[in-house]
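I've put the structures underneath this note.
Two complexes follow with chain A in common, the first pairing it with chain B and the second with chain C.
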Partner chain A sequence: MQLLLNALIAGSFAALLASGLALVYGVMGVFNLALGQMALIGGYVCWWCVAVAGLPLPVAIVCSLVVSLILAWISFDLFVQPFQRRHRFLPIVTTIALSMLLDGLILIVFHEEPRSILASGQRLLHIGDAILSVEQLVLICVTILFLSVLVWVLTSTPFGRKVRATVQHPEAATSLGMNGPLLRRSLFILSALCAACGGIYVGIDQNLSPTLGMHLTVKAYAAVIAGGRGSLKGAILFAFIIALLEQLAIGLPWFGVYIPAGYQGTVALLVIVILLLWKPEGVFGSRLRSS
Partner chain B sequence: MIGMDLLSVLSYNLLFGRGKILYFGPLAVSMAAGYGVFVTRDWTGSYLLSLPVGLILASGISLVFAWMALRLTDDAIGILSLAVSLGAMAVILNWNSVTGGAMGITRIPRMQGIESLPAFAIASIVIGLGWAWLMLQVDRSRIGRNLKALSEHSEAAASVGISRARTYVIAFLIAGIGVTLSNVLYPQYLGLVYPSDFGFQYLVFFMMCVIAGKPGSVPGVTIATILLALVKEGIRFIDLPISLVGPLRLMIYGLILIIALYVRRKEMFPVQRTV
Partner chain C sequence: MKRSILLGSILTLLLTGCGGPATVRIGFIGPLTGDAATMGKDTLKGVQMAVDEMNAAGGIGGKQVELIAEDGRCNGGDAASAAQKLVNVDKVQSIIGGTCSSETLAAAPIAGAAKIIAISPVSSSPKLTGFSPYQFRNYPSDAYRTKAFGTFFQKNGLKKIAIITENTDFCQGIRSGIKENLPAGAIIAFDEVVDPGTKDYRTLMTRLKATDFDAFVLNGQSDATNGEMAKQLRALGMTQTIIGPDSVDSDSFPVIAGSASEGVLAISAPTVDETNPKGAAFAKTYNDRFGKPTWSLYFAALAYDAATVALQTLKEAGPGDAQRAALLAIKDFQGVAGTFHFDQNGDVVGMPYGLKEFKNGKSVLREVIPVN
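Now for the complex of A and B:
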């Protein structure tokens, strides 16, 4: 039970990151390797607003999202759009450069010490023999609600139909009058905001650390790739599957031996690598429609 | 440092620069080679026995990457080669009894004949420049031409009989050998194998050199590596608090990478030729 709850907590956070990415990757075919750092900036700004500026948490979250929006807007204009026009792989390298810049900035401004947004102790709930804090329960509920709304918007609204049309065939969608550039910018910013929410989630639930960035990015992308190109539901499902694999890897004895906690992330990622070698297009991946 | 950097960067250039393979796995190959050689040397006390072990491990992981490059889409190989590198780092940090964990392997002696620093520096430069010459020959050989053809138009290359599998396997193995040589020398220079020496910023340094020097061009990448290695080492001498030097280096790398990419944006991933 505790393992499942832990997987739900870690999976909700990973799903936040992966859902935004699935949209950006589906529509633009672009990987943003600075996503983990964008998440950290969101978390750190929220921490600064609460711990240093003394603002209430809801105000701090709004401030953090505003900063993340500005950062995403500038990043899109400087690091993605000018390069994406030439080749869709170029932003992968440019966002690596962005990740280095943001890593350096985080280390200079916020230093290496772990930071937690909520300084006071967490209130604990007992569910059977498992323990969950009230904050974690709220975070899980809010994340699941947010992801449900996102899925509903994409499957049942005109905006969602435009996004799905652009995922399935970008040229055909543009020829039908869809504003591709605006859609791409909006989705990039939306994914950065999802990442910022993920950063705030980590800051509330655990500690923010500058070294987390690349791990967050790789794990979220592993979920997106395993889920299949452009499949939002696949990305969310695999975010939870990876979290569950991580918990099962270290929480249960395997042939009588417990795997050390340090291998937690590695086991799940290796399972995803093997899965993709078997099914390279991802589990829910679909091919481009053509006539 | 220049000699050792040339080995790694020119090997990476063969895959990333010439082959246009979105491959971020040299860190994992470096870890396999470095730890393979020096863990075995720790146990046996012999470089003669440990060098083949490092080479076998590096070749093994290079073959896994070659298989991934053949099987997966281009962007998936990028992300998953990073995932494998993170996995390798987790093994190194957690398998304390073998790898020394976060402390690494210390008290590494230099090989016979290159114990003194001047002798070691000359040996590194000679090996580095020798590797540059070898890479130039590979670039002009059938493997280099096949890699270029595959990167420009894989279907057209296949239609004229170029085997993607054979070319990739050979290219990844050659790159693995270069990385092994670099990781045999570098720990001897420092006297230790340290996990932080396999951090993401080293991959960014390789990319920076390849892109700045013109992707695929052996002479260009060689010159860029020499200049950027001087910049890298020069940062050490900036008079700043130690806590600022690391972050500043990251930011300088990021800036150089983005500027180099902006200048080389037409050459990094050329638009596919069509008729």
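Now for the complex of A and C:
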């Protein structure tokens, strides 16, 4: 029971980042290797609003999302859009550059100390023999609600249909009167906002430290690839599955012995590799090539 | 006209030829970026204070002292290139550093080959004892710290020890040292090593809860990990003693761990004694000039002492072997962090440990533990 809850806590956080990446990489085909840093900046801005400016948490979250929106807008114009048109692999390099810039910026603006958004002690709930804090319960519920809305918007609304049309065939969609560049931009910004939510999540539940960025990006890629490129649902589901695998790997004795904790991540990714050998396009991926 | 230009150029040549470098250069190696940068920034500021004081007092041999800081990033590779640059390009006369043990282990052979004295303010790896004749340190080896852990367990009747270790040189050194120095009858009841930077310990803590243990050793490298470990352990309702090495004893640990930091113990360096005028003056100058330290004031104080002792011996004896002899001849140097001298291995003698306890979000000295 506690293991499942642990997986849910870790999974919700991973799912936020994975959904962000699924939007930008899975759906749009753009590489964004600065996603982890964007998440961190979201978290750090929220921390700053709460701890330094003394704003209440909801206001701080809104501020943080606004800053993330502006950051994503600028990043898209400077680091993604001009290069994406020339070759789809170019943003790999430019967003790595962006990630380094943001790493430096985080150090300059927020310094090296780890930061925790809520400093006060946690209120604990006992569910059967398991323990969960009120903050974690709220975080998990809000995350699941947010992700459900996101999936619903992309699959069942006119906006979602337009986005998918633009992604599948940009020229055809534009010729039908859709504003392709605007849709692409909004998708990129939406992905950055998902990431920022992830940053706020980790800042509330654990803490933010400046070297976390790349680690977050890598984990999100694992979930997106395993879930199947182009499938938002797949990415979210697999973020939870990877988290569960990580907890099970070290939480239960396997054939009488515990796997050393250092191999937690390795075991989970090994399972993913085996899964991909069996289904190379990802579990929810379509065999059709997208743009 | 032509002659005057010629004369002028000869004159300039002569002047620059005789003068040599206009300053005495001192190098610094420490982590200025990355997770350990909190520590490196404090030590660099401590060194800067010592250099500025020496300059205000007239410098060395009438020349101003120039500090050149290099980022060792808490790893051997970067520290080695930093040492190469300081020794071969900048031609420094002495080095303060490295800060992390991995930095010092990589930089010491390079400085040693050029007979440049390096003094590390905070490296505690037991491997450094007798490692290079030109490497000194004013911080005791972890060989003593883990003995202090053993004594602590014995004194308090703690028989079953649980430990979670972050996989870094420093933490692994503490882990093996604690295992070697366990008192008779004590056992390690729980022993896990996690990847550097791990923040999710919930599943390990769930397992730990099912384990019978008396004390938990908090063995992470930085607050980001230690804070989470303590928080997630207490969240599951475990009330056993928590004790860690000096990496726990930082000002931001209670900020991250929150109420879980209450009562956490650390076998750490002694505090800056603000009841003595020298310590109080140091604390005041530091705070006025740099604000609050990012890690903790005693690391800055250790670095200040290392730099002061380096500059004084450089002033009295000059660089290289002469400085080495001067360092070994020191008797009871009155530093800000404590009174000490060096043994033949370059290890410090006289610096005690402090058993610290977190009370109301502050680390308080509970007991001084003498070393050697």
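To be clear about the criterion, the second predicted complex is superposed on the first by the 273 of 291 C-alpha atoms of A that agree within 3 Å, B and C clash if a C-alpha of one lies under 4 Å from a C-alpha of the other, contacts with A are read in each partner's own complex, and residues count from 1 in each chain.
Just so it is clear, a residue touches a chain if its C-beta (ideal position, glycine included) is under 8 Å from a C-beta of that chain, and two chains touch if they have at least 3 such contacts.
This is a predicted model, so every value here is computed, not measured.
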| item | value |
| --- | --- |
| Partner chain in contact with A:L101 - chain B first, chain C second, else both or neither | first |
| A:P260 touches, of chain B and chain C: first, second, both or neither? | both |
| First, second, both or neither for A:P114, with chain B first and chain C second | second |
| Chain B versus chain C as contact partner of A:I9, first or second or both or neither | second |
| Partner chain(s) touched by A:I131 [first = chain B, second = chain C, both, neither] | second |
| Touching partner for A:V153 - first (chain B), second (chain C), both, neither | neither |
| First (chain B), second (chain C), both or neither touched by A:V142 | neither |
| Partner chain(s) touched by A:I250 [first = chain B, second = chain C, both, neither] | second |
| Which superposed partner A:H215 touches (first chain B, second chain C, both, neither) | both |
| Overlapping contact positions on chain A, where the chain C interface meets the chain B interface | 107, 111, 215, 260, 262, 265 |
| Residues of chain A defined as touching chain C within the complex | 2-3, 6, 9-10, 107, 111-114, 116, 119-122, 124, 131, 133, 202, 206-207, 209-212, 215, 246-247, 250-251, 258, 260-262, 264-265 |
| Residue numbers on chain A that touch chain B, as the complex places them | 29, 31, 79, 82-83, 86-87, 89-90, 92-94, 96-101, 103-105, 107-108, 111, 214-215, 218, 221-222, 225, 260, 262-263, 265-266, 269-270, 272-273, 276-277, 280-281 |
| Of chain C, residues touching chain A in the complex | 33-35, 37-38, 41, 164, 167, 192-195, 197-200, 202-204, 206-207, 222-224, 227-228, 231, 235-237, 252, 255-256, 258-260, 294 |
| Residues of chain B that touch chain A when the two form their complex | 22, 67-68, 71-76, 78-80, 82-84, 86-87, 90-91, 93-94, 200-201, 204, 207, 211, 243-244, 246-251, 253-255, 257-258, 261-262, 265-266, 268-271 |
